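The data blocks that follow each hold one structure.
Consider the two complexes below, in which chain A is the common component and chain B and chain C are the respective partners.
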Partner chain A sequence: MVGRRRIREALTDLLLAGPATLAMLVLIFAPALIVGVLSFTDYLFGAPDFNWVGFENYRKLFTDETGRRAVVNTLIYVAVVMPFSIMLSLAAAVGIQSVGRWNVWLANFLRTAYFLPVAATLVAMATVWQMLLHPNLGLVNQVLALVNLPGQEWLSDRSLVLFTLAVIGIWETVGYNLILFLAGLATIPQSLYDAAEIDGANRGWEKFWTVTWPMLGPTTLFVLVVTATRSFRVFETVATLTNGGPGFASDVLVFAMYREGFVYFKAGYSGAITMVFFFFILTLTLTQLRIVERKVHYQ
Partner chain B sequence: MTRRQLVKNTVIVTLLMAGAAVILLPFFWMLSLSLKPAHEIFAPGIDFLPSKLEWENYAKAFNETHLLRYLMNGVIVCGAILFFQILFAVPCAYALAHRSFWARGAIFGLVIAGLLVPYHVTAIPLFLGFAELGLLNTYSALVIPFVASVFGIFLFRQFFASLSTDIIDAARIDGLSESAIVWRIAFPIAWPAASAFAVFSVVAHWNDLFWPLIVVSDPNLATPPRGILYFRDEEAGSDFGPLMAAATMVTAPLILGFLLAQRKFIQGITASGLKG
Partner chain C sequence: MIELENLSKIFGQTKALDNVSLTMPEGSFTSLLGPSGCGKSTMLRIIAGLDQPSSGQVRINGRDVTELTAAERNIAMVFQSYALYPHLSVRGNITLPLTMRNMNRIERMPFLDHILPSARRKIAEHAEQTQRVAEMLEIDQLLDRKPSELSGGQKQRVAVGRALVRDPIVFLFDEPLSNLDAKLRTQMRSEIVDLHQRTRRTFIYVTHDQAEAMSMSDNIAVIMGGRILQVASPRDLFERPVNVDVAAFLGDRPINLIELSTAEGRLPPPFDGFACDVAELPGRVIIGLRPETLEPDEQGPLTGTVGEMEYLGSEAMVSLHLDGGHQLRAALNASGVLPKPGETLRLGVEHGIAHVFDAATGRRLGGLSGAAKAGADIKGEGA
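Let's look at the complex of A and B:
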């Protein structure tokens, strides 16, 4: 009897946890291992066999002109989006919190407005940006013309395109970070501000530097890592607006992975790009998990 | 309010409103262009509003292109993904939280490790697998890679773990089978977690371009973002009015959902910060 009962219990466990476990192994872990192995081969999709090439794909990615462009562009993109998105969202969060003290409705309206791009379909919104940035018909250049500034080729000027995409990236992430900062601000007790006031911090910015900024430390760190992770994955705007061009000026890791793998069918090389991308994300996510463990509050 | 405070508040509100105007500009412009007659879109000079509402753009988008098809595909794919994610994740999460068996620690370890793997990483081998099985250009290819949501398992496990064991013990004494406990007791209680997860999942997959771009080349299977690109590249030409109408229709469901259920939406989307 005892034996049969144990078998039945084991079967129940298998029934409950088995399908998900199997799916995880087949759909996540096996592919992650295989892509690592592929990155050391010259495998092409559809080819009958392949050769082991050691670190050749990785060498190519970091020394080849186009490969290096993808890595460097991604880092530049992250380096531009991160500070601006964080500074703007922090400023907006502090402002919206202070508005909330005397007009809750207005504060809610502002929060909703800033968050709208996060809920929107980025590919669809990117086509709208394309209209706004159109060299002749676009609103942006027409407004510049009104104040006698020269219009720009926002999406086809090599020296400009990456920064144009970064601005769209900032537009897209500010609302998300704003929510995280608002949650962080809500946890700072008023008594700290009162204490700071007694100690002579009367002006807004004095209170900001003595109370808000240090108390927000963990939140800021969390926001920093989340923004970096999101920015590293930049793909939709590139695929919609530039295809990595002109002349690879806006090529980034995920787009290069897509192009090399699924347009040129170089599975091995694309695998190496994937692994480098994975390494960056892994480092960031591990940092993030360590921060979460230290009990950062967010909602 | 003192005079100084009034000035300060005015400055803050002005700056915040200016920021909001910039953030909202693309939404406003999208709506405006989608309602403008073609000749006004190409007219020189800045006109923020259409001179008359041109619904023709929407009619064109729906009648002369596959827009309706793209939207339907979005509903089918997102619905199927969410259905299977919950079907797989909830029982597993329940087992991890309320049953003890030898593999429990190992499986939870897999879930945590899985959180670290972005879905881009698995793309090449999964593409190879689907090609091998002859499943490229099918709904299955769009759905299957996402059925095992480690984030879903994690979220439900955390929720179930906070659940008192009394309820479950009572149900066991009443003679309910474990799967009946999962679906008739635990899952209904987990509604807050389920709705946050649903928002997270639907937003992610409605908006995803990467995977549909890889496995689908048949416009009949295009999801909304993939469809927008077909629309722009092959169907619209320089007919920007209908393109903006299509963009509006693709964005509208999520935006409306967000406006109607803001708290739930914000919870669901910010929760994704935990995932790699």
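Let's look at the complex of A and C:
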């Protein structure tokens, strides 16, 4: 009897977990495996056959000027967006939370305002950015002119374009991170702040380091991982605003992947870029989890 | 000495504290006792400097501290939830108030605290103080653990250690035992009393548990609805509650409260056997009889039929149906012969602790005595 019951329970478990697992295998794992295999070939979309080329695609990505550009640009982009997005969203969250103590309406308004970029379609927003950043007509340069600063070619200056995109990336991610940090802040018990106040950590800065920052540990870890993956995946702004240009100055991994795969139909090379991208994300996530998790969970 | 003068605290529409004044002498152990939401915690937070009063003054040793921050007042507080910093070890938790108080920002900086001679000297001193406090509280074995690895009682001790380490003027306790189980609570109770004996500091203890307040404090302030109803020693409070509310709040068992109309200034039957020390009774009164003060008495003034009975080991709770439809509960000593349901029982009041209250105002008018025994003492209304 016991045996039969266990079998029945096991069947129920399978029935519950089965469909999703199957869909994941067919739609995610199998294609990923195929992409991985293709990355060792010179396969072109629509071509009748292909040759095994070993690590040629990978060698090309890291030695070829264009390929290396995409890798380095992506890393620079992530390195700029991650710290600024996290610092700004944390500062905004702490600010909005204390605004909420004396004016709930204003706090809600600010929260919504920050969250709008997350809810809006980035492609549409990119058009707005394009208008703002237009060298002659854009609001940004006009404001600069008012205070007698020279206008910049934000999207066509080789040395500037990547940072312009990074600023848009920060603007885009701050809202989401802000909501996460606000949720984290709301879970910190008031009694800890009271204790800190009595213990002499009574100024804002000391309270922050004694209570807020350590208690936000788990949230910060999550925000780190989310922001890293999001900024590694930067695509829409590049595709709509710069097309990777000028002269590959804003070329990034996912855009290169798209260009090689869907414009030039080089499925093999595109597959190699995908694998490198995947490897970056995986290592980043694992390292963050390993290093930070040990220090941030108190239970 | 802590003095509160005409403190009021208004949150939006509600008055959490309504013109409260209270003096707590140096070295005393005062409990602020009341049901939840009565304003006792608000009072404590105002004394601590965590909340500002809407009006009124807080003085510590004669100095007006109303405008000072919590840290500047040099008070210590133990919280109901312990409020330990989860990312710091027990050692870190106890040392933190010392670090914050004695070391400046530069000395507290990471790395610099290992290099600067002044910082190193202070850290060594703090380690010594922490060790001493930990030994005193018998938590020196736990110094390297994180709060999540401690039991409730151990956490509470760490919280006390953190309060104790910097030698504050006043210790504030905000229902510190309510998260502990009954057995541990009794043990921690005596440890806190012991701590008070040793430190001889002023202790202010907030609780909703009357047994806790009665057993620990020199003085109890009973607070209800944002007002202090009575300030007295536990014994005075129990023997002379100012009104019905205080009497109903105190005691391990609920007091029997029976509302009566008086006849020509005297108690009506079946209570006319009681001697009453009030010269003139109003039209309606409430008499308060504690279950544990009632005991079988051949000549007692109360006669009734025994209803249901709960046997509790050392005693038995008996409900007695009196003439006139009144009913009361008595805690009888269970070692003797117990009455059976349906039997007639005569009861007397053992001590002088029976009260007459004015039904209109709730104020205590005086005492009742109903024991046939000699020496049942009745004191006049004095409180």
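Everything below uses one rule, namely that the second predicted complex is superposed on the first by the 256 of 299 C-alpha atoms of A that agree within 3 Å, B and C clash if a C-alpha of one lies under 4 Å from a C-alpha of the other, contacts with A are read in each partner's own complex, and residues count from 1 in each chain.
Just so it is clear, contacts are C-beta pairs under 8 Å (C-beta built on N, C-alpha and C of every residue); 3 or more make two chains touch, one makes a residue touch a chain.
Owing to the predicted nature of the structure, the values given are computational and were not obtained by experimental measurement.
Visitor: Where does A:113 make contact in the superposed view: on chain B (first), on chain C (second), on both, or on neither?
Guide: In the superposition, A:113 contacts chain B only.
Visitor: Per the contact definition in the header, classify A:195: touching chain B only (first), chain C only (second), both, or neither.
Guide: Touch status of A:195: second partner only.
Visitor: Between chain B and chain C, whom does A:215 touch in the aligned arrangement: first, second, both, or neither?
Guide: The second partner, chain C, only.
Visitor: State whether A:180 touches chain B only (first), chain C only (second), both chains, or neither.
Guide: first
Visitor: Looking at A:150 after the superposition, I want to know if it touches chain B, chain C, both of them or none. Which is it: first, second, both, neither?
Guide: Touch partners of A:150: none, neither chain B nor chain C.
Visitor: Quick one: chain B or chain C, who's touching more of chain A?
Guide: It is B that touches the greater number of chain A residues.
Visitor: According to the stated criteria, A:48 is in contact with first (chain B), second (chain C), both, or neither; which is it?
Guide: It touches nothing on chain B or chain C.
Visitor: For A:3, is the partner it touches chain B (first), chain C (second), both, or none of the two (neither)?
Guide: In the superposition, A:3 contacts neither chain B nor chain C.
Visitor: Can you list the residues of chain A that meet both chain B and chain C?
Guide: 298-299
Visitor: Sort out for me which residues of chain A touch chain B in the complex.
Guide: Contact set of chain A toward chain B: 9-10, 12-13, 15-17, 19-21, 23-32, 34-35, 38, 45, 88, 92, 95-96, 98-99, 102, 106, 110, 112-125, 127-129, 131-132, 137, 139, 142-143, 146, 171, 174-176, 179-180, 204, 222, 226, 229, 233, 235-236, 239-240, 254, 257-258, 261-262, 267, 270-271, 274, 277-278, 281-282, 284-286, 288, 292, 298-299.
Visitor: Which residues of chain B touch chain A once you look at their complex with the stated criterion?
Guide: For this pair, the touching residues of chain B are 1, 8-9, 12-13, 15-17, 19-20, 22-27, 29-30, 33, 41-42, 44-46, 88-89, 91-92, 94-96, 99, 101, 103-104, 107, 110-111, 113-118, 120-129, 131, 144-145, 147-148, 150, 153, 178-179, 182, 203, 206-207, 209-210, 213-214, 224-225, 228-229, 232, 240, 243-244, 246-248, 250-251, 254-255, 257-259, 262, 265-267, 269-270, 273-274, 276.
Visitor: What does chain A use to touch chain C in their complex?
Guide: 189, 191-192, 194-195, 197-202, 206, 210-211, 214-215, 217, 298-299
Visitor: Which positions of chain C touch chain A when the two form their complex?
Guide: 45, 48-50, 69-71, 75-77, 79-81, 83-87, 96-97, 100-101, 146-148, 162
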